[in-house]
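By written order: A, B, C and D. Residues from 1 in each chain.
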Amino acid sequence: MQRFILRRLAQSVLLLFVLALIVFALARVSGNPADLLLREDATQEDRAHLLRALGLDRPVHEQLYLFISGAVRGDLGESIRYRKPATEVFFERLPNTLRLLPLAMVGALALAIPLGVLAAVYRGTIVDRVSGAIAVLGIATPSFWLGIVLIYIFSIKLGLLPSSRMGGPSHYVLPTITLGLFLVAGMMRLVRSSLLEVMGSEFVKLARLKGLSQTVVIWKHCLRNALIPVTTLFGVYFALLITGAIVTETVFAWPGVGRLTYEAVIFRDYPLLQAVILLKAIIVLGVNLGVDIVYAYLDPRVRYA
Amino acid sequence: MLEDRAIATEPLIRVENLAKHFPVTRGVLIARTTGHVKAVDGISFTIGRQETLGLVGESGCGKTTTSRLLLRLEQPTAGRVLLDGQDVHALRGADLSRYHTRVQAVFQDPWSSLNPRLRVRETIAEALVVNRRVTRTGKLERVEEVLHQVGLPLSAAARYPHEFSGGQRQRIALASALAAKPELIVLDEPVSALDVSIRAQIMNLLKDLQARHQLSFLLVAHNLATVRYIAHRTAVMYLGRIVEHADTESLYRRPLHPYTKALFAAALPADPDAPRDDMILSGEVPSPIDPPSGCHFHPRCPFAMEQCSRVDPALKAMTPGHAVACHLY
Amino acid sequence: MARVEERIDAGFASTTTDASDHPRPRGDLARLPWVSFVIIAVMVLVAVLAPLIAPHSPTEQSLPDKLLPPAWEAGGSTKHLLGTDVLGRDLLSRLFYGARVSLIVAAVALLAGGGIGLIVGIVSGYLGGRTDSFLMRAVDATLTFPTILIALLLAVSLGPGLRTIAIAITVLIWARFARVVRGEVLAVKARDFVALARVHGCSHLRIMAVHIVPNVLNTFMVLLTLHIGFVIIVEASLSFLGAGIPPPTPSWGQMVSDGRSHIASAWWLSVVPGAAIMLVVLAFNLFGDWLRDWLDPRLRQV
Amino acid sequence: MGTDPAVVLEVRGLRAYLYTRWGVVRAVDGVSFALREGETLGLVGESGCGKTMTGLSIVRLLPEPAGRIVEGQVLLEGEDLVTKSEAEMRRVRGRRVSMILQDPQTSLNPVFTIGDQILEALRLHHPDGESSLAARAEEALRRVKVAAPEQRMRAYPHQMSGGMKQRVVGAIAVAGEPLVLIADEPTTALDVTIQLQYLALLKEIQARTRLAMLFITHDFGIVARMCDRVAVMYAGRIVETGPTRALFRAPRHPYTEALMASVPRMEGSVARLPSIEGQPPPLHDLPTGCRFADRCAYVDDRCRREYPPTMPVGPAHEAACWRIEPSPPSR
């Protein structure tokens, strides 16, 4: 078990390194990274000064060394827009995102698992069809658009909920729905299909043969097996949420790291963007490591491998 | 082909001390070998022309691996498979191509052995197209010939596998094995996936084809009655080794090895009044990763002696054509 | 006819056979989702014929006509059926031209990403061993990583444009294809006809071309169809974030984004193109679902 | 006949259909038989003849939503199971009727220990204290001859061999001391030497508990060894029923006769096996007359027109064929 965790950890570090290489290389494919950093009205002297300051006049391998060693120390360059270290900007914004993500995740799970179970148990009935329709619509609706429509209906027309920025509990309603909906759709379909698969297996028949009721069989025997694929995909879902947060926070002017990503793109703030990417990668990899551990707990076949 | 026939005394297939050990590895990036599954562990036998050798044993005894070694689907760890005196695993180029026409196979599951995307005629002609230069008409003629031989209508040629039942599919598989006019067909459980009422059809067909086309068969099967019906000689395998090897008649009339006896006793005759000389073995087949010392069978053997756990018994000929590897004899 | 009842005792499912071994259930072709089919056909037609049928130029500005509501709202005119945007450009015409962008990006990205995924999946599954474990590690890494960040990075470093967005979406989807195709290849490889092909003396190339690829093609086609909607949404999202096709070329995502600041006064600017995205994605997804059920019922949700 | 043990299970005119995308599959199409205390009845047939569906119909666990019992009665000690509610059926399953399934590899839940899965069955039947249950579970494992039961309780299914798993399944099946045990090809997935161990074990359990057993199989060897009586099934119907010895000595239905002749024997060699040509009719497209007509050596026009009635041919021996002269059963 410990070896398993250590191996995953080593893989994560390797992955981060590869990612850092990509970030490093992309900054250089389109020319000198200094040009990404300079404002449009910069002079030749400014440019030369910057090159020297950042070590960009040195050979590539030395630049790489500077970049990696800086990254390890937590120095990912200075944001052009905020004129502050990029990591500092990121960590200022992170708590705001962390208030939103768990809400959306828990909400999605709380909705998707019961709906998926119901759809599987009442397969082919109206329950199944309605939840199937919700799933199909949820997947087809672009979340940036959903956010705008929700704002139009609930803030502008009905005036019930605030349309943007942080604040009291009412500020959380629309962003959470926007962020969580497409997750609900995907998860629900997954729960339904994996539950149906498990329900068709022989051990379910055996459990029924013991005299257990359908309800006990589903919640005790099936769900645990059916949730294994959901757990394995938890990491993927988390990555999706991180992605979704960019759009959602942009729509609702939510001052989190998602909105920060958008700003970095809009203002072509390369140092900020690379910091955001690497730091988000660390978070995602950390979550994935946790998922692997939980997975090993759920499935004895992995635990004793 | 002529020079092959010259060595009339040489059996078609000679297997010498054949062994296949699969490494058991741990770790993903840096794999370490922690042991070997001794699937086949030094076996020898021959198959004559127009002869059927039956290979029987329980799951994990190495009979399927043996058949895969003969088909060049596995590389041996040690030993050789000789086809007319030529090492099969050393063949290259044109010789290899000729080998592929001489040795064919029919597998257990007819639902898995036909490519669903190919028409029946393409499946049947595969060995011809790959190994020989054939014209389109030559190919189609041969396909019609073999379809007729396995008792399928000629209209089957243009159809796809999903239009056929299990028994018909097994006939197609057989036609595909026959197309290149082989000398040896390896039959790996050819009827066990079929329905009881279909099995006799296929078994009879196999016997007819053997007589008509001078075929040799290696029959791998767990059903002893099937082997008795088709095979001329039978070898019994246990944990990668041949424990007894004899003419089928002699073996079935008087099995010698305690394992063979137990195996035969466990095969239930379809007769409510058959004598029940039950010899129920205790325990299960041990893991081939770490087989017992000496005679592999000794932990389950009711007649085990002290030397059985130390000394590995060699195959001894008891009567001409009946050999057994057991310290009792 | 192959016999259904040979499998009844096995509970209808067999892991060693695929859909094409079963008789097709009757009447499934008749259940073709006609509505989806029509929506897809209309979108393709509109995209192809945009220069002919668009009532105005999509980029022509006319400030006097700015922010006109759609024809059915008060103050709307039949000259601009869906109204105009803040620069007075005709929304309907922009919608038509936007369909082009969506389809071109989807086609390019699916061809590239799907193609790479297909090749990686086949090579990985067929060769197995270290090649397989290395490639699959790369696939897992790509799948668990929020790849859209890489797309944004590309947009900033390479500059936005069709090429950037095609590369970005390729990076985003190849792994999904590779993983599913590899799984299929493994399943096909385990079947006896592949071993028999080796017994027949087929070369590796022939085994792949004749015995493996045709048997994973159905799955691949289904996968391709199921991803069209996904790619359209990703393209729209990237455009929305300012990392898509740069203006003035109209794209649906960018239109939603542009209309966002006028949502209170001109709701149609955002709502209409967004609805178009949803409708089209819905149509493609339903069509893909149908195709999956028809061609490859074993392929569950990916 | 008055001294015969009591009938515990009687199936009368059972029809169970599957409503599939391919059409209505008439898997069980008018099946009747009776099972007495302490008796083993073999239900023999080829795959797809409906024998498994018959077993599942009795415990009312047909595949959902395709399967449905259309007609007939399943009388357990005189009570009809077909009309029982799901809640009532729950009290029947495991306690009065149990079933062993074919594949031990998938019969146990991979995420729970062996102990959990046995305890779960015991808890339903003995709602008393937890401590006595653990002892009972170990005892149940010991009865099916699982070595070191204390340790096996904590093992997961994937850590055991197929034979061991099937023993555990057996322990679960008899945990509630049922009257009837349905064994659906319980040894098909096992090796022959392990199969013999398992069959002996079932016999031993039956001798101890006077269990009535319905043994579903396609293997005449197992029938000869295990069963007191045999029912032969073909394309959804029972074509012949009789005492094992009588049926083996003198099969009366052409299908039984031909099938038994086509099975190769361990004892004595034959030059050529008589084989049955053709294949069974598809269950979703059955002929109106006798279902074996197309493959039968004695077929005539009436066979193709009308399904033959079941007629007695000897003591407790009956068959459905037009060639049988209607005569009163000899007493």
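Keep in mind that, in the parts below, a residue touches a chain if its C-beta (ideal position, glycine included) is under 8 Å from a C-beta of that chain, and two chains touch if they have at least 3 such contacts.
Predicted model only: the values in this text are computed from it and were never measured.
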Pieces of the assembly after leaving out chain C, positions unchanged
one piece
Among all other chains, pick the one whose mean CA position is farthest from the mean CA position of chain B.
A
Comparing B-C against B-D, which pair counts more contacting C-beta pairs?
B-D
Of the chains shown, whose Cα mean is nearest the mean of all protein Cα atoms?
C
Could you grab the centroid distance between chain B and chain D? Build each centroid from C-alpha atoms only and quote it in angstrom.
33
Separation of mean Cα positions, chain D and chain C [Å, integer]
50
Whole-angstrom distance, CA centroid of chain A to CA centroid of chain B, is 54
Measure off the straight-line distance from the CA centroid of chain B to the CA centroid of chain C, and report it in whole Å.
49
Tell me, which residues of chain B touch at least two other chains?
28-29, 165, 195
Of all residues in chain D, which are in touch with two or more distinct other chains?
47-48, 63, 279-280
Could you tell me which residues belong to chain C and also touch two or more other chains?
1, 3, 6, 11, 23
Chain C residues touching chain B - in the complex, by the definition given at the top:
1-3, 6, 14, 16-18, 20-23, 133, 191-193, 195-203, 206, 210-211, 214-215
Mind listing the chain A positions that touch chain D in their complex?
123-124, 200-203, 205-214, 221, 224-225, 228, 298-301, 304
Footprint of chain A on chain C - complex, ascending:
11, 13, 137, 141, 143-146, 148-150, 152-159, 229, 233, 236-237, 240-243, 253, 256-257, 259-260, 263-264, 267, 270-271, 274-275, 277-278, 281-282, 285-286, 300-301
Name, in rising order, each residue of chain B that touches chain C in their complex.
28-29, 68, 71-73, 96-97, 99-101, 103-105, 107-109, 111-118, 123, 126-127, 130-131, 160-166, 173, 176, 180, 195
Chain B to chain D touching residues, read off their complex:
58-59, 165, 167, 195-201, 203-204, 207, 222, 224-226, 228-229, 248-249, 252, 262-274, 276, 278, 280-281, 284-285
